[in-house]
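Data first, discussion second: the structure below is written as structure tokens.
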């Protein structure tokens, strides 16, 4: 036995030494190594802007690829990027003149064939890009010359440039042709080695663990994105927020976000860190089961919905739990979106009034119901606490997004407390038209609202759209189909070495980031 | 006397228990000569096994051992330290236990377990040790001894295992063997063989043998001398002949009445029993331990500690006031006559 | 022997099959996998498209049969989420999991066996009490709390060890301790109980009567017999640590199988989940089989029967 | 042979002591049991702490300074009174949580839920595991094979994983958590009860009952069960502690008991974010949970020692 223990110890020591030798390479970190380490909780395996629909890939998409145009974050103005200029041809076609001085990471030159190939590939439903709505408005693309293309639309689509600047990245022609074929006979587009024209190129990917990007030294000179500054950017998946914070505090990471308010506030004193609270496009809302599908019919009563709306102290939740950049909203849209208005019926916090209305509606002693949520449990807990004060007992069902969305779509939730990010699209159609045009998540299926939205959605005339959207928002507010709660604010925490500016669309532009 | 292999004087074992000190063995004195067989008899719990473990220094830790003398072949081995003691154990004295089924380690071969003591105590090579093991296995009557070395205990019967245990005890050629009820767990037919074997080997190697047993039949057959223990004390010692022909202690007489001794008990005779239970040995004891069950108990039996009375015959002693009185009386009568 | 192995294999196959049916139906009973795959906030159109492309509209039985048929041909399929061959992902992550599991087990054994032995040699002594305390703390402290406490001291305050990832062997120190510590109490108690029992056995008395040195008695005669149940327990625990270390893998950002299967369940990545569940159950059965073999080596009585 | 020389009970292969001492030390059952129970430090401490926690749970409405659900975001995260901070107040001796709820009150109410989870999950798993184990052990053969298969299948799926999967997908509530844990942790019951039953089944009195023509039901309930009860108690305490800890792990991953009901596991999990900054938020419920699990384990160990004298050391 004694010898066996010795043997074990020897093996352990040898294994340790061997491991030390092979894994001994220290991870580059921080300014000294010219490597920006950033992290989120999501696993990234596919580095492709179309076959991965995570926000991380939108961020990396802007780093590795370029769209035809770029939206200026300050002014909202659309600027040229891969396209030098463009013009509408009628309501359903746009002609683009392309740059002729751009090369892909693999050295091939960029021209009209690449745009035509990319747009025709992604708009074809059979190729199953993950977020179809980003591209489904494109009918096809035609080559007009070596550096000019025409993009045809199915029908007039006002936010076309919002999508073109944010979600339509150009790949080299024939990019997916050599995609490996799966056993099922389908090509695996996600497995193709990423190539783009962007300021950073993908250097190394370990599925689910990290993505390493390196500066593209041949990035075209006068790009609206500017020139890349930092040598390397390493994305790592760290699921646990405490671990992210620990790594940030010890220099293993340079940048994290989504830090809960309390932790962010307490980190604020740390000398090496910058803490920033920034607006996002995500809103929090509660949807009432207006048509009574869930089996609880209390919320078919408008008075009850309004009473609950008065009972919840949204201001307090926004300020105490979310962050200073969060604001209470009153209509079903984000204030920064085109067409959004706060000039609708408002439900100020007034528990006494709420209680009175509840009594009026026939529930002087309150009632019980199930509330469903999936994100930031403490926010929903606060709602439950507020409701308890007017005698309404809400039982929380906290679920994974997938499971919850399924039952929300089936209409089985008396109240669901959800969030919506509008795909960072600065147009109200990305939120209100999604929820109130009789889709499965429409809580009311009100014909009047749909009518108004249909007009707004199909017009290209900004004033017409605004007018009809505003009417729709007023109807949603006065009928209290939804209780819009507040805009999310995100805490960013990053190294003092980093010159970083947060943007409200929740897409950190790392390609503009420099070391201080 | 150089012939004395073992001499123990006033061996006392105290064991602390939650309810008081247990006086498990009290002032036991025994000695064994070379070539002599001493049988310690007594019922279970009388302290005879503890006595043997005390001699081997194998008592559990909380048991406290004291003695005025504990000598092996004239050399005092009393409190010489665990390390030195382990040089003696298995070497100059060895022990055979009651349970052959469980006394061998199931994980190792017979050969391994036989040779390890020899290789521990003597500078011998592996093959020498092996040869000795084969020699002894044959000695204890195991056939195909060489092939047995590779076998595991569970592959052997109880009788064979006890033979292996005996061979194991003999490996280093000890001066003294202590056998603690070596046949109790065996079939009756095998018991006789094993005892016979022990006696034979003892003669052949001229060792001292302490045989602990509660089987008086066994005693009658192989004992040279006998020590009868009761409740932690030796109540009577003497040669086998003396004990069997003229038991002096009422307890010894009771024991003998319980058991048919070949050639001594007449056919059809009534077998007796000793009524009552063994007294608790916890706390302070006074008087004769057997008093509560003794048919001849007198008033003075319970008042004071009973000393060993040695004047009966040479080499004989008894711990009983009545026996002493009787002896006095008979001595007096002889004097008168 | 061969018959024994074949029988074990049969059980393994049956268990794996049962587990795969259970997990497959569980995912289906719990909501639409298309929603998970389409991602948060996906539109109706996206979800429909995903459902069509991935064939989720077919009956469950057909989908399962389809999967099983291909699995039997050695094709574990393609991850819906990671867009990679399932088998290659599993085998890429298996070493990480194995290293973590093995180092955690080694830590647990190195800590608990000596403590258990010492505690058994001197019951109710200081060392026994110490061992008991170690075991009790291991038993009573939620593992995530313990893990975060390790990070706080070794990672942040003292900066002795890297906090997350798998970049170097130092990265495995804290997770191994956090994971292994949880196993320590069981192993220690079993070692202690086994040693106590063995030390009071007749053959130990025999060994001592032979004059063997205390160390020989302890290690050669006692530990070998006391360790037998520990071997079985270690095998089972090792199996658990491979798949059940989700919490530890999450905290230390270690991309192992446990974390992957958990994420796959959340993402309804059926082929991936099925493959891992399959691999885990086979590994578990292999481990118990190995433990039986090792026990047969340690205890000749088992070997013969 | 007669009484005098027949040894009453020489234990087979017992300890060194047992060959000579045990029959001398025969205990008188009643007083000795009392002495053992109160002389066993672990048992007394474990039982005592558990009793305190139990009383805390039962008397929560009486002894709590406030209402466990009464939130006020303006008084969130007040530290406990021993902290050097101007926010501390005797209104909240243990401070307040993230939503401004009184921590002491939640701790008292949390005891109810943690105890309930542990006890109920233990009960469910105990019934399942004991039934399977006893059936397998008693009948052997095919029944044993089937039960063994079920046990192996169950063991080849990691508990935490399955619990997480189920809870995350069907939604978590107190009832779901209890059932899921109960349906998952029966394996130890089954394994131990199986081997214990096998042992008892081989004993003479079972054979005697069988030969008397007792029904199987009767034999299992009145001959076998009483003899494996002490194993049952020990496993029950282990699994109770196990269930409480598993609930904490589920809570860590956001899938334990649902707020606003406080369980200690949930309180620890909710506070985990503050571990680097306000460690007391995790330490207070952590120590409570620690004490609970520890006391259950001590109690189990103690009961094993007391009910099975051969395990004393």
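Some observations on this one:
Here the chain labels run A, B, C and D in written order, and each chain numbers its own residues starting at 1.
By definition in this document, a residue touches a chain if its C-beta (ideal position, glycine included) is under 8 Å from a C-beta of that chain, and two chains touch if they have at least 3 such contacts.
Please read these numbers as outputs of a predicted model, since none were measured by experiment.
The minimum number of touch steps separating subunit C from subunit D is 1.
Most remote chain with respect to subunit A, judged by CA-atom centres, is B.
Ranked by C-beta contact pairs, the top interface belongs to chains A-C.
Nearest to the global CA centroid, when each chain is reduced to the mean of its CA atoms, is chain C. Averaging Cα coordinates per chain places subunit A and subunit C 36 Å apart. The distance from the centre of subunit A to the centre of subunit D, each centre being the mean of the chain's C-alpha atoms, comes to 45 Å. Put simply, the C-alpha centre of subunit B and that of subunit C have 54 angstrom between them.
Look at where the CA atoms of subunit B average out and do the same for subunit D: the two points lie 50 Å apart.
The set of subunit B residues that touch two or more partner chains comprises 58, 99, 102.
Chain contacts: subunit A has residues 242, 246, 249, 400, 403 touching two or more partner chains. Multi-chain contact residues of subunit D (touching two or more other chains) are listed as 13, 15-16, 168-170, 272, 275-276.
Chain contact summary for the complex, subunit D toward subunit A: residues 69-71, 73-74, 76-77, 98-99, 101, 168-173, 254-255, 258-260, 270, 272-278. Looking at the complex, you find that subunit A touches subunit C at residues 1-2, 5, 8, 12, 16, 19-20, 23-27, 43, 45-46, 51-54, 125, 128, 130-133, 136, 182-184, 186, 188-191, 207-209, 236-240, 242-243, 246-247, 249-250, 252, 400-403, 405-407, 409, 420-421, 423, 434, 439-440.
Touching subunit A in their complex are the following residues of subunit C: 30-33, 35-36, 38-46, 49-50, 53, 70, 75, 77-79, 81-84, 89, 92-93, 99, 106, 110, 148, 151-152, 155-156, 159, 162-169, 171-172, 215, 219-220, 223-224, 227, 250-253, 255, 259-260, 263, 266-268. Touching subunit C in their complex are the following residues of subunit B: 56, 58, 82, 86-91, 94-95, 97, 99, 102-108, 116-117, 120-121, 152, 154-155, 165, 168.
Residue ranges on subunit D touching subunit C, taken from their complex, read 13-16, 149, 152-153, 155-161, 164-166, 168-170, 241, 245, 248-249, 252-253, 265, 268-269, 272, 275-276, 279, 282, 286, 289-294, 297-298, 311, 313.
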